[in-house]
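To start, the structure itself, in structure tokens.
Chain lettering (A, B, C and D) follows the sequence in which the chains are written, and residue indices restart at 1 in each chain.
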Amino acid sequence: MSVVSRPWSRLSLAGKIILPLIAVFVALNLVIVLGWVSGILPWLVQAILDALGDNVGILRFLIAATIILVITVPVAFMNIFFEMKLIAFVNLRVGPNRIGPWGTLASVVHGLKVLAKEDFTPTGADVPAFTLAPAVVYLAAVMTLLVVPFAPGLYGYDMDIGLLYFFAVGGVGVVGLMMAGWSSYNKYSLLGGLRAAASLISYELPLILSVMGIVMITGTLNLNQIVTAQEGSFLDWFLFRQPLGALIFFIAATAEASRTPFDLTEADSEIVAGFATEYSGMRFGFFFFAEYVNMFILSAMTAVLFLGGWNAPFDIDPLLSAVGITTPVSVAFDPASLGVGLLWLVLLAPALIIGLLTAVIWMLKSSWSIVVSLVVAFLLFNVIVVGALVTFAAIDLEWVIGLFWFIGKTVALILFFVLMRATLPRVRIDQLMGFAWKWLVPAALLNIFVTAGAIVILDQMGKTL
Amino acid sequence: MRTDRVPGLGIAKGLMFAFTQVFKPKVTIQYPEVVNDISPRNRGRLILLYDEAGTLKCETCFQCAAACPIECIDMGGVDTRNRYHVHWGPAEQYAERREESALRRSGRTVPDATFEPFARIDLGPVDAILARHGHRPRAALRIMDDVQAEYGYLPVAALQHIAHQTGAWYSELYGIATSYPHLRFETPGSHVVAICRCAQCTVAGGGRVLAAFREHLGTDIGGLSPDGAVRLESTDCRGESAGVPRVTVDGNVLPTVNATDAATIAAALRATVPQGQAA
Amino acid sequence: MGSGPTVGSDRPSLLASDASPVPERIPVTDIALQRRLTERFSTQLLTAVSARHDTTEIIVGPGELVSVMSALHDDAEFRFELLADLAGVDTGVVLQVVYHLWSPLSPDWLRVICDGLPRDDPRLPSVTFLWNGAEWAEREAYDMFGLIFEGNRDLRRIYMPPDYQSFPLRKDFLMPDDASRSPGQGVRPIEVAFQTAESGRVPLMRVSPGTGSLAGWTRPGEVGAGDPDSGGQVGP
Amino acid sequence: MTGEPRVRSLDDPSIMVDSPATIIDAVPPYPPRTEREAEFYSLKDGEMFVNLGPQHPSTHGVLRVVIKIDGEQVVDLDPVLGYLHRGVEKICENGDWHHAISNCDPLEYIASMFSEAMPVLVAEKLLDLEVPRRADYIRVLAWELNRISSHALFIGWLALDLGGITPILYGFIERDEIVEMLAALTGQKLLFNYLRIGGVNGDLNHEFLSRLGDWMSRAGKRIEESSKLMNENEIFVGRTRGLGVLTREAALRTCVTGPPLRATGIPYDVRRAHPYSVYPELEFDIPTRTEGDSYARYLLHLDEIRESIRIIDQVLHQMPDGPVMAKLPRLLRVPPGRAWVAFESPRGQYGAYGISDGSDQPFRFRIHDPSYFTLQAVGQLVPGHLVADTMAIMASLDPIMGGIDK
């Protein structure tokens, strides 16, 4: 053994890394050559490709679901940070400013803290329900993300009944809240769960009725088609074709996400933390995340249904064509034509450009040493290249610019949610229910009638709404 | 049409006001970097003053503790003659430390550091005396007289006991005991050898005499010989000693004393210790 | 108090909704009120109506309390509509209940002292039929002095735990009774055990001032005995 | 409630592992002591107890309120006091009159400049002591500043208990300025032990006056601004208007004083009804409202802040020269007698009844706290409302448990 171990121990760190890599590389080459010669490898690759090609839908779904499940956590962190910071600004405070740049990592640290805390079950709790409730709430929130169209071609699953699926799965969350409220064996939790059930169920109604107008106009439940129906300038958004519906939807969505002023379910000054009173550790963290994921989802749905989703507020193609660019940009340059020259280009062009920039910078700012200017030139080059690529993508790949607009609208709505929380006091439970049943539901029905009448009349005139 | 009749207008106003606040300057004080100024009148800091020599100015006079209305100052120190540990605090606190519930709450016996320096004595007679005087602090002087008559001196532990039983501050009892000359804190040595320390007597050989007494009595000035028979004190000849060091035994002056006489004097004194007085 | 009371002739009734004007200050006690009280309750008062500072004081027994208080509250000549305070007092010999009343008709506070309540069974009628706000005040007096207000619907301890035995603000209150302490330890001079008359001793009463915890405490028999600085009247 | 009576105490292990019924229900583990207690702790079907406090986000201090609810509606409630009881009256009897000042200080810890005035005024009355006019003016100045800071906090509290999280921080900004100012005057921010028998501890100093002038230039501006958030807000008005209406007769029978009483239209303010100190020389109004509901109490506090600013303005213009302490012996032996003083604190009429037997210690020192009587009104106002309104009503009555539990 010492035959191997002694020279190995003499090796430097780089050697210890490089030597095995060389060995692996050689072994792989051997395997590939043998497999190719024997004809096993082509067959294997062909088989895998066929298998993937046969059910690519499933593959796509799995990938999308994984990405969405992973993406919700940073989304929740982002929302929590927005809330902490904006409320602090409204309160004339500074807010989180210690961890990370401008305190952006404070919410992440909160998440870690929640992870590290003890996770206990109170005496007399209904253990299975108590344990399952957070998962139900969180999954109900996450699953609705599946049908949200982030950008053209960028969605979890293109469902024809996307809207229906959204409301159906979103309603499941109430079950989790009631489970939590009942199983905690605590009266605050019980009151909170009952309040959650009452308010959420009664606000499902105006929430669904308020979008019926859109469904009647577009004639589809598919969210992608609803978004594409709003293409063009921002005057084509349903916000301006369905103002009443938009208002009702926003109010009902606030209640659905149980945000101030409708956050009776965890009214801290009355029932200590509502259904989450007895929860601690990551179980509470799931409730906490679910609330903010819900906030994000309902903002996203408001953007999708009423603010044109990924559509730009104005048509940018004329501007681009004015500049001289026609989308998609047709690149009149074929790399293959260069042949071996391509290799030279790839190798030399960056070095040449960096050297050129270095010379310029060094001459312009002689106080810097050549090394410093070299580094700066390298960074500058990278910035230029990345910027060029992003611009190209934004112009040429429409989902990039679409995602940009979508996220912009969603974040604006989230900030408005937060501003409301910073400003408004909480309504009483009877005021909440009375508002839902006496005002929102009739208004939503009125909206439906008016929309239907308008559609019929415009049909007579041969136009469409 | 009144503006407060427009539904939602108040909410809109509030939201607009809140939005304008976002751009207002913030009032937070970033503590570790920015320290808020404390007014010179601030009383929130309890500090003991040091003089320019760097020694503590507090001489444990207990004035601050006696003035504290909520009895939150509980201090201990050494009296000005560096002999006895003096502790001050509300009597409830001492009782509280020994009370069963306190011990049970803390789950262990709470040591009372106050009594460590003092010899444990049998406090039965003290209880009897206190019962005779009805545990009345006004009778503190009479109680202490009886206690001294009982023990021959005034044990500090007994003094503590009186303080707990009557509720009088220990510091006050200590003040009474030190102000009355006939109350003493230790077994009196039957004989007192005093030596003058003035320059004249020292030149006349007082230094050697003192060294000899130190050696034979086994104690220094102000101290008691180990067997408790002889106390070595310092006196003042007021310039009356003519060329001989002034040495007094029990107050009467010895004619001439030199270092060699010290041994014999010490032995003679040791031989004649009155009965019933040594500790 | 640097400022004395004022004449209340221009003071509006409590039930008048306009803000009262600024009255001028005339530091005298309300003679008219004393005369009216003397005429009205001459038979029921234990002592004559006295007045000091800006307070007029009458002393009644527990028997006359209901009639006196309802008269003070209802009569048009008194209209003491506001019960300013209800306090229990232990004089060291007997218990008292002290009411302070306010009337828009008089510049003086009226102090009604219900005196002569025995220690072993202090009972007096409740005034909750006039001011139901007195309920908690009477609960507190019961909690601290053991005063029993007949007619109070909810006379239970309000501060002290329900299993508590003694009455802390009585002068015969002994701290070892309620704390788990051995008798005598940590007892301040004010908290010496109270022996009943059977044991031939009367309650302790402080007769001479002192400093801090060495305040003098002795029994009425030996007032001045051994206390050169003993003086002042006995009791409050 | 059934079963043999069990005594709660520290060494009772069964308090730790108890039957869930006792943990969940607020029913005390001993038989009822009065008829009232018996009928309160007996449930009809559909009713249940909810135990608000002693640890609860919105009970100001350590208050415990057992509410009996039917669904969301409060049927009856029973406040349980004593969690903060320190026996201040007893402590005052054991210390001398000077000690009583700082022992009474933490009673109303939001506005302790008032609660510490009780022994001072009583002793001065017993001594027939004439306080220097400058000291009187400084007292009024400090009192009114403290009143404003207390009211600023009240507004924030009310909003916080209704779910609005911003106004309390505006209130704290206002309070911070005043508290820093008073710290420059008295040396402490919360429990200024400033008033003395016969005057005040220390004259006005430059730092205090500069801070005060700086503050007076925009006095109460932030309160007015933050009231924009609330005054017209439909949700806030809908939550508070017509809530917990206290009629005049009920207020008088309940011995309620202060803003809750004045909100019913009764202009009873000790500063006018029974003037003390130098208030008769100052010109100010007693704001009143006639509705008597929570919204009226809220608006009344805003009006009182404006009136206090008026008073401070006059005091600063009329401030006389002279000493701030009367000549008094070091060992203060108060002549025998009884004295009752009352004065207006932010929460109503503070009263003190002192008996002296000629020694340096009070023989009896009775403390009358307004919140103690105001909190009783909760028992009449809340039943019939919803759980959420319990907090709104309690916050609008503004109790301070430090003074209630004494």
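Keep this in mind: a residue touches a chain if its C-beta (ideal position, glycine included) is under 8 Å from a C-beta of that chain, and two chains touch if they have at least 3 such contacts.
Not measured: the values here are computed from a predicted model.
Engineer: How many steps does it take, at the fewest, to get from subunit A to subunit C if each step moves to a chain that touches the one before?
Structural biologist: 2
Engineer: If you average the Cα atoms of each chain, whose average lands nearest the overall Cα average?
Structural biologist: Minimum centroid-to-centroid distance belongs to D.
Engineer: Farthest chain from subunit D, comparing Cα centres?
Structural biologist: Relative to subunit D, the chain whose C-alpha centre sits farthest away is A.
Engineer: Between A-D and A-B, which chain pair shares more contacting C-beta pairs?
Structural biologist: Result of the comparison of A-D and A-B: A-D.
Engineer: Rounded to the nearest whole Å, what is the centre-to-centre distance of subunit B and subunit C, using the mean of the C-alpha atoms as each centre?
Structural biologist: From the centre of subunit B to the centre of subunit C is 44 Å.
Engineer: Could you grab the centroid distance between subunit A and subunit D? Build each centroid from C-alpha atoms only and quote it in angstrom.
Structural biologist: From the centre of subunit A to the centre of subunit D is 50 Å.
Engineer: Please report how many Å separate the Cα centroid of subunit A from that of subunit B, as a whole number.
Structural biologist: Using C-alpha averages as centres, the distance is 72 Å.
Engineer: Report, in whole Å, the distance between the mean C-alpha point of subunit C and the mean C-alpha point of subunit D.
Structural biologist: Once rounded, the distance between the two centres reads 23 Å.
Engineer: If you look at subunit D, which of its residues touch at least two other chains?
Structural biologist: Subunit D, residues with two or more chain partners: 166, 173, 229-230, 233, 235.
Engineer: Show the residues in subunit B shared as contacts by 2 or more other chains, in ascending order.
Structural biologist: Only 11, 14, 17-18, 27, 101 qualify.
Engineer: Among the residues of subunit C, which are close enough to touch at least two other chains?
Structural biologist: 188, 210, 212
Engineer: Which residues, counting only subunit B, touch subunit D once they are in their complex?
Structural biologist: Answer in residue numbers: 3-4, 7-11, 13-14, 17-18, 27, 39-44, 69-70, 101, 104-105.
Engineer: Which bits of subunit C are touching subunit D when the two form their complex?
Structural biologist: 1-3, 5-6, 11-12, 14-20, 22-25, 52-55, 57, 81-85, 87, 89-90, 98, 100, 102, 104, 107, 109, 111, 130-137, 140, 144, 153-163, 168-169, 188, 190, 206, 208-212, 215, 231-233, 235-236
Engineer: For subunit A, which residues are in contact with subunit D within the complex?
Structural biologist: 87, 90-93, 123-124, 185-188, 191, 195, 260-261, 263-264, 267-272, 421-431
Engineer: So in the complex, which bits of subunit D are touching subunit B?
Structural biologist: 10-11, 91, 95, 98-103, 166, 173, 180, 183-189, 193, 202, 205, 207, 225, 228-235, 237
Engineer: Inside the complex, what are the residues of subunit B that reach subunit A?
Structural biologist: Touch list, subunit B to subunit A: 11, 14-15, 17-19, 21-22, 24-28, 30.
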